[in-house]
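Structures given as structure tokens follow.
Shared between the two complexes below is chain A, which has chain B as its partner in the first and chain C in the second.
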Partner chain A sequence: MSDAALPSPRRAPFAPDWAMRILGVLLIAYLIYASTQLDLGLGRFITGLGEGGRFLARMFPPNFERWELLLEGMLESIQIAVLATVLGIILSLPLGLMAARNLAPWWVSGPVRGFIAVCRSLHYVIVAILFVKALGFGALAGVAALTVASIGFVSKLFAEAVEEISMKQVEAVRSTGASGMAVLLLGVLPQVASRFVGFGLYQLDSNLRNSTLVGVVGAGGIGGTLFAAFKRFDYDFVSAILISIIALILLAELVSGRIRAAMR
Partner chain B sequence: MSAALDIRGLTKEYVPGKPVLRNLDLSIGAEGITAIIGPSGTGKSTLLRCINRLVEPTRGEIRLTGAGGAIDVAKLRGRALRLARRRIGMVFQEYNLVERLSVMENVLCGRLGYVPLWRAWLRKYPEEDIARAFALLDAVGLPEHATRRADALSGGQRQRVGIARALMQRPDLLLADEPTSSLDPRTSVEVLEMLTKLAAAEGVPVIINIHNVALAKRYAKRIVGMHEGAIIFDGPPESLQDDHLRRIYGGEDWL
Partner chain C sequence: MSATTGDTLAPLRREWIRHTPAERLVRWAMFLAVVASVVWAVRTIDIIPEFLADAPEQMADLLVRMWPPDLAYYPRTVHAALIETLHIATLGTVFGFVMAIPLALLAARNICRVPALNALAQVGLVASRSVNSLVWALIFVAVFGPGAAAGVFAIAFRSIGFVGKLLAEALEEMNPGPREALRAAGAPWGAEMLKAVWPQIRPAFWGVALFRWDINVRESAVLGLVGAGGIGVVLEDAINFFQWDQVATILLAILAVVLIAEIVVTRVRARLL
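Take a look at the complex of A and B:
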């Protein structure tokens, strides 16, 4: 016990994390370098604020005089979104099941997962540009691009949901002598149906938003009208379009939220 | 007495060279309850799952005799295997109901080996199937629960639905894998009581894996004791002595 009075060397309770410290210093250094390279100084920001003020002033009041053009574009965007979502969901159902590693053998799930990964890897605007080049201007290219995006999103999440199901329930249905399709229909799908509907509704929300943009690259919808209005400096018409888009998205979220709540 | 099930030389190796079931022979009569007891991991579940091929046997014969004729389940593939499975009902430890389906839909799952897919999909089951499902729900004491979702039921109620689903198959053989291990003592007795009564009424032989030796002795007319993948006791409950239990479960002090 006499040792207790002696000062013992201080013991470090935590190991120093040198890797994290070096990374932090490097990140700060890169941020400073990048902002000087891109001319992001305070002076540039203040000039920008002035421009922004003039821009906002010209957007007000919003001009709904050309409402027919606006309505036409909005309706086309909605059609693109709904068609792409429905097509995407229909294709995602088998793809998601085939990509689930607990149901499909690896030589099926592997290639299907690869295909889904390709659908996800390119941004939908790039896909839309590709389809505009391949199929020509118009809504068809927009529908095709957003269908690809929907497949990438819905089938990946759906496959993950299927991989989380209880295999005990599946085993019980199989033990009754049910065929493979019957096992899918009554053992697997009931476990994931509500989540699948949720993914579909979420994708419809996204597609409504995304369908307003594909028009910018010529793939149909309100985006084309918006882009033209920007180019002609019709900022009051731009603000009318933006207000309409925001209203549509809010409405869609409200409706899909209600449906999701009812599905639970 | 004719045999409903005749297992010859059944071996199962999950890992080659490490058999879980060792060259097992077992013959089950056309009626009554046979209880299989033994420590955890001794292959009881594997044995039951080999019989309806939820697990693939490595070697051996599994001859099933009944109204549907005589077959070797171990050799079947594809459609023939599905037709064999529908003759073998199974009750699970954790009930394994499809939780998001209703009680009635779960019971009718027992007909999936018989009805075409579109009927199951549109819920257009034949009238006699629906009538039988209602009769079975009455028999297991759940007459009011047909439209409730399975995940709204208690454990004992779920196991009753599980039994109704298995009997819905009109099986030649009923397998029960630890049917009472997730239930409280009183519910366990009630469920076993009902299983015994209904199986006798339907004339179906039952093989039941069970940990509770007292319940096994009370309800089975025959007890099979397993140890390390082999049968080391086979006889009526009266002849099962402490010495047998020591050899089945190992150890001394627990008795």
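Take a look at the complex of A and C:
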């Protein structure tokens, strides 16, 4: 009964959110500061709009006259993506198992995890530059760079999937006296195989996108053609290349969606 | 009784298989397609055997030239470029959000009821997503000239598709109850957005913002390779002058920033969500 007499603090139904307002003011202050630091002014923006209009005008209509060059580059990009994905998956299988903390001792999983983190942290274009120096210009450097990127991504996800498995089946296989290899093949892999296929497909998708780019630093594929066209101000050929790349990516997304649905 | 047992159990005795013949056929076809594409790629890819043969030697040479990293180079040039990279990533993320929010509102079918506008917004989001940030950078270098402005716009335009897609999905998944209540009370559209929609998508919003900022820090490090400002410009210069000890310093700086950004994002996310 006395509960009703207690003075309850009145809660405003639509109270102003002070934390958000302060954050907003800070954000605007930062925007002004950073814009002046980077020399981003309105004048520059307006000049840019004019330039952008001229640029678009020169991009249209797209010029498919040199389609042989275009096709050659696209095919090389696809080859790079396929090989990098396959190599990356093959290498990720042992690395992912070694990085899983429920299967490998800490002195194995720790260093392997560090290696995977480094693979993931370096942008594939930077890795491609290093491989262009080491392996020379061409598709090989692109394959190597994207393989590193694939290892970083697939083995991290694979290790996480392995860490989530049920240990009961592993123990059951182990208790029959099975060897280490048999435990992996019959106790661990069946639990993660379907997810692994999913990671592989996703990585093929993302390698296809990235393989159209590594050519910018000389690692093969359509990117080299694109960069050369940009440097020669062949903007109508640039738009033809861009349209082809976007078409390829959309097609790949469609196909991989279909495959994923069929494998389920 | 015993005579009928055989009949009732007959369906249970049939052999159970996991996939129908059609499913198995599809799986085999896919497997064949994978093998065929790998074989095709290996046989036709243009690899120069001489380059492959001396790869280990070249690799060792590269590592020897990189060691020790020229740390004195860091305060001279790298630090300012690194700060510029962070500014590009942050400004790009903010501008990307400014452009992505209207598109996300248009793309969400429960906010904008016009199917044509939904489709148009989706096309915009897909176009932004399918062009890589490096290609956006090439385009904006052609528009704005070399410099950080091109980098900011490249990051922003690349972010639109990603952010817009995730925000539109969050919008479509939200509970219609609060909106209907406010509308029944006669609230205008702005109040409905601010008091019914925003509180529901706030966690998704901050999650996406942090995630995209983390990605943008990584991506802005390479934009300089095509002249769009940031640490990539310094990296490109050092590589062109074959100053491999300076390259090693820059790579270490990039690695450190990327790892710190990841740790910061994980911490903030754990605190916030």
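Everything that follows uses one rule, which is that the second predicted complex is superposed on the first by the 236 of 264 C-alpha atoms of A that agree within 3 Å, B and C clash if a C-alpha of one lies under 4 Å from a C-alpha of the other, contacts with A are read in each partner's own complex, and residues count from 1 in each chain.
Throughout what follows, a contact is a pair of C-beta atoms (placed from the backbone, for glycine too) under 8 Å apart; a residue touches a chain by one contact, two chains touch by 3 or more.
Computed from a predicted model, the values in this text were never measured in an experiment.
Novice: Taking the superposition as given, does A:174 touch the first partner, chain B, the second, chain C, both, or neither?
Specialist: Touch partner of A:174: chain B, not chain C.
Novice: Using the touch definition from the top, say if A:129 reaches chain B (first), chain C (second), both or neither.
Specialist: Touch status of A:129: second partner only.
Novice: In the overlay, answer first, second, both or neither for which of chain B and chain C A:92 touches.
Specialist: A:92 sits against neither chain B nor chain C.
Novice: So, A:262: does it touch chain B (first), chain C (second), both, or neither?
Specialist: The answer is second: A:262 touches chain C but not chain B.
Novice: More chain A residues touched by chain B or by chain C?
Specialist: The partner with more contacted residues on chain A is C.
Novice: Applying the touch criterion given at the start, work out whether A:203 contacts chain B, chain C, both or neither, answering first, second, both or neither.
Specialist: In the superposition, A:203 touches no partner, neither chain B nor chain C.
Novice: Jot down the residues of chain A that show up as touching in both complexes, chain B in one and chain C in the other.
Specialist: No residue sits in both footprints.
Novice: Touching residues of chain A toward chain B in the complex: what are they?
Specialist: Its residues touching chain B are 166, 168-169, 171-179, 181-182, 185-187, 190-191, 193-194.
Novice: Across the complex, what residues on chain A touch chain C?
Specialist: 14, 27, 30-31, 34-35, 37-40, 44-45, 47-48, 51-52, 55, 75-76, 78-80, 82-83, 86, 117-118, 121-123, 125-126, 129-130, 133-136, 138-140, 143, 209-210, 212-213, 216-217, 220, 226-227, 230, 235, 242, 245-246, 249-250, 259, 262-263
Novice: Show me the residue ranges of chain B that touch chain A in the complex, using the header's touch definition.
Specialist: Touch residues, chain B against chain A: 52, 54, 82-90, 92, 94, 96-101, 105, 109-114, 117, 120-121, 162, 165, 169.
Novice: Under the stated contact criterion, what part of chain C meets chain A in this complex?
Specialist: Those residues of chain C that touch chain A are 23, 26-27, 30, 37-38, 40-42, 44-48, 51-52, 55, 58-59, 62, 84, 87-88, 90-91, 94, 126-127, 130-132, 134-135, 138-139, 142-145, 147-149, 152, 195, 218-219, 221-222, 225-226, 229, 235, 239, 251, 254-255, 258-259, 262.
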